[in-house]
Amino acid sequence: MRYILKKVLSMVLTLIVVSLCVFLAFSLIPGDPVTRMFGTEATPELIAQYREKMGFNDPLLVRYFRWFTSFLQGDMGTSYDYKVPVAGMLAEKIPITLTLAVMSFVIMVIISIPLGIYTAKYENGIIDHIISVINQIIMAIPPFFSGILLTFFFGVILKIFTPGGFVSYTKDLHGFLKYLILPAFAIALPKAAMATKLLRGSVIEEAGKDYTRTAYSRGNTTNAVLYLHVLKNAMIPVITFMGMALADMVAGSIVIEQVFGIPGVSRILLSSINNRDYPVVEAIIMGIAIMVLVINLLVDIIYRIIDPRIEVEE
Amino acid sequence: MGNVILDVTDLHIEFHDHDRPETVVEDFDLMLEEGEIVGIVGESGSGKSMSALAIAGLLKRHALTKKGRIMFDGTDLLTCDRKTLRSYQGDEISMIFQEPMTSLNPVKKIGWQVEESLRIHHKDLDKKERKRRAIEMLTAVGLGDLERPYERYPHELSGGQRQRVMIAAAMIGEPRILIADEPTTALDVTIQAQIVELLRKMNREKGTAIIFISHDLSLIRQICKRVIVMQKGNIVETGSVEEIFKNPQMSYTRKLIAAIPQIDLGDDDLKG
Amino acid sequence: MKKFFSLFKKNKATGERNTFLLLGAIITGLMLLMVIVGLFYTPYNPTKMDASAKLQGISLKHIMGTDNMGRDVFSRVMYGSRITVAIATFTIIIGAGIGTIIGALTGYFGGIADEITMRIIDAMLAFPSILLSLVFVSLFGTGTYQVAIALGISFIPSFARIVRGEFLRCKNMDYVEVARLQGVSDIRIIFVHILPNTVGVLLSSVMIGFNNAVLAEAGLSFLGIGAQPPHASLGKMLSDAQGYLFNRPSYVISIGVVIVLMVLGFSFLGEGIKRIK
C-alpha cells in the first residue's frame, strides 16, 4: 500500500513537472496569442482589452496555476481557430484513438506471448530461426508503411477491406471495430516483434537459472517448469516493455490514423500544429502525457503484484 | 546389512561441448543402503556433483553421453523413460543444492514451493491437507518461529532459512533418498552446523538415506559413516570415514585431510 | 583488413556464419552507394515532369516506374534518400553530441544538477518519441531544418542516459583515479580518459539511433510536418504516393521498400555486431 502511495505521489510530481514544461514552452515561444486569435482584425485596443480579460498580463506562474487547475477540471481552453472549447473538439475523437490503441495492445499481447514462449522452448529450432528473421524485418517496417502494405494486401488483392470506409462508433459499433482491425495490426506488428524477441530472451535466461533445476528435481514436466515457474519471472521485463508499448501506441495511432483516414485525435493535432493553434496542441499533449503517466502507474502496480521483491529494493 | 535401495554401477559421463569429448565421471560405483548416510568428497571438478545430478536425473545437457546403470526400485534411472523418472523425482529421490539464494523461485511463496512435490505426486491430497503438511514440515525444519512462513517469499529469508525451506520441500514427500549437493558451502559456519544437524535429524526420524556431497572432509566426518573420495572423475578411495582418517591410502586423500583446519582435527565431540 | 573480411566467413569452430552481419553490410553498402552516386548522377532529373509518362509501372527505362507527374521514381528516391540520411545524420549529431556532453558531465560530477537533469530526462523518456518530436516541431514550426533540430533534441535524453551510465561505471576505475592523482583536470579526464572508453556503447546506440531517426523523420514527413518542399524526403514521397496505391501499387511500395531496406541494413548490422563476440 505504501508502495502504491509512493508511486502515485511520484506520478503527481512528474505530472506537475511535465505540465510546467509544456506550459512554459508554449508560453515562451514568440508570437502573441491574442494577436494570433484575431488575425488581421486585431487592433491595439482590442488586443489590450483581451489581454486583460484573458489574464495574459498576470505573472507566468499565476497563469500556469490557472491553466493547470482548469485543465484538471476539464476546461482545456479555447481553440484560436475554431473559437470553441478544446474539450468539446476532442470529446468525440478520443474514444476513437483510444480504441485503436487498446486494440493494438491486445493484438500485440495475443501474438507475442505464445510466439515468445514457443521460440524460447524450441530455441535454435527451424521455426525459431524463421521467426527471428521475420521479426527483424517487421521491426524495420515503419507502421505507416505496414499500414499501406496491409491496405494493399487486404484491400487491393483480397478485397476484404475498404480503405476509407470508416464508420463512427456512434453509428455502427461493429463496423467501427471491424474497420480498426487492420490499422491496429499495423501499429501492433512491430511492437509484437519486439515483445516476442524480448520474451524469448527472457524465458531462455530464466530457464537457465538454478530454481528451474530445483523445479525439475521435484518431478515437474518441462511444461510445468515453463508455465508454473519460468513464465512469471520472465514476464517481469516484458511487462515494462508492454507498458511503454501501450504509451507508444497511443502516440503511434496519430500516424496510422493518417494512413487509414481515421478521424481520431490525429487530424486535429496535425492541423493545429500546422496552424499554431496552441491551446489545442497543449491539450492533446497534456492528455497523452496523463495517459502515459497513468499507464506507467498501472505497470508499477502490476509489477508489485508479480514481483514480491520490489518493496525491499526500494 | 540393510536393504540396498540404490545401486550405481560403472557410471560414465562424457561431455561433448568441445572438439574432444571430455570425461567428467568414470567408473563410478555406489551402493546405498536404507537409512544410510554416504559422503562423496572431492575437490571441485572431481565429478561428485555430476554423479549426484545423474542419480537425481537432472543431467539435461544436450551434448552428453551417459553409460552404466543406476538401479533404483528395480528400475534403471539412466535408461527409463522420462515419465517413470519424473514419478521418482521429488517423491522417492529428492535433492537440495549448494545455492539456497538462487535455488528457490523468487516470485513464488515459500508454502507453494514446499508443497510442490505433494501437488505433483499426491494428487489425492486436497489443498487444506497440503497446506497442513507444508506448515508441519516448515516447523520440523525449524522455521516454526517465523511469522507465517507459508506466506513468505524467498527474498525475505536468510540463506540458512532458505536452505531449511529447500530441505522442507525435499523432505515433504518423505523420500527414500535425499541428495545433498554441498548444502552448507554457501553458508556461515554456525549455520553450517545447524543444517548438518537438521539433515541428521531427518535421517534419524524419517529413515531417509542421504548422499552428502562436500569438498570438506570435516563435515563428512560429522555426518557420514561411509565415504567415497573422488578425483578427476574417478573414485580413488572408498571406505568407512574412520578408516580413511586413520589410514588414508592416497596422497590425494591425505591432502584433503590436511586441508581441514587444525581445530577440527581430533575434536571428537563434533563426531557426535 | 584480412581480419575484417574473416568476420563474414563461416566460423570454423561453430560452423555458423554471421548472416546478420553479412546481410547488414551488403544492404547498408548498397544504400550508401545509392546516396553517394545520387550526389553526382541520377538516371533522370528528379524534378523533371513528363505529362506523357504519368504513373508508369516498373520497366527497364524506369526501374521503379514514374510518379503522378511523370517523374522517374528511382531518381527521386536517390534524391530523397539523401535528404532522409542528411536529416537523420543531423539528428544524431545533435542528439548524440549534446546527449554525450550532458551525460558525461552529470555522470562524472553527480550532485544536485545531476539529480534534476535526470529527473527531467526520465520524464522525457517516459513519453513516446514521436510525441516528443511533435512537441518540438510545434514549438519550432514545420520545415526541414526545424524538424531536424526538433528530432535532434528529442534524441538527447536517451543518449544522455546511456553515456551517464557509462560514466558512472568508469569514473571510479583505477585509470581514472591514477589520472586524478596525477593532477589531470576534470575536463581532460572526462573527454580524454573516459570518453574513448564509452565508444563501443556509444557506437551501438548511434546505430539504433540512426534507425530511429530515419523512422521518425519518415513518420513526421508522412504526416506532412517533416521536410518541406523542395526537400522531398522519403517519408514525404511515401505519403504522396499513398494516394495512388490502387492505380499503381509499385509506386508506393518501391519507395516504402527503400525506407525499409535503409532501416533493415542498419538493424542487421547492429545485430551482427552484437553476435561477433
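We just call them A, B and C in the order they show up, numbering each chain from 1.
The criterion applied here is as follows: contacts are C-beta pairs under 8 Å (C-beta built on N, C-alpha and C of every residue); 3 or more make two chains touch, one makes a residue touch a chain.
As the structure is a prediction and not an experimental result, all values here were calculated from the model.
> Where centres are the averaged C-alpha coordinates, which chain has the largest centre distance to chain A?
Between chain A and the rest, the longest centre separation is with B.
> So which chain ends up closest to the centre of the protein, judged by Cα positions averaged per chain?
Nearest to the common C-alpha centre lies chain A.
> Can you compute the centre-to-centre distance for chain A and chain C, using the mean CA position of each chain? Integer Å is fine.
Going by mean C-alpha positions, chain A sits 23 Å from chain C.
> Could you tell me the distance, in whole angstrom, between the mean C-alpha positions of chain B and chain C?
55
> Compute the distance, rounded to whole Å, between the mean C-alpha positions of chain A and chain B.
Taking the mean C-alpha position of each chain, the two centres sit 51 Å apart.
> Over in the complex, which chain A residues touch chain B? Could you list them?
Touching chain B from chain A are residues 209-211, 213-221, 224, 229, 232-233, 236, 306-309, 312.
> Within their complex, state which residues of chain C touch chain A.
20, 119-120, 123, 126-131, 134-135, 137-139, 141-142, 211, 215, 218-219, 222-225, 235, 238-239, 242, 245-246, 249, 252-253, 256, 259-260, 263-264, 267-268, 271
> Can you list the residues on chain A that touch chain C in the complex?
Residue positions touching the partner: 14, 17-18, 21-22, 25-26, 29, 136-137, 139-142, 144-145, 148-149, 151-152, 155-156, 163, 247-248, 250-252, 254-255, 258-259, 269-270, 272-274, 276, 278, 281, 285, 288-289, 292-293, 296.
> In the complex formed with chain A, which residues of chain B make contact?
Chain B reaches chain A through residues 56, 58, 60, 86-91, 94-95, 97, 99, 102-108, 116-117, 120-121, 153, 155-156, 166, 169-170.
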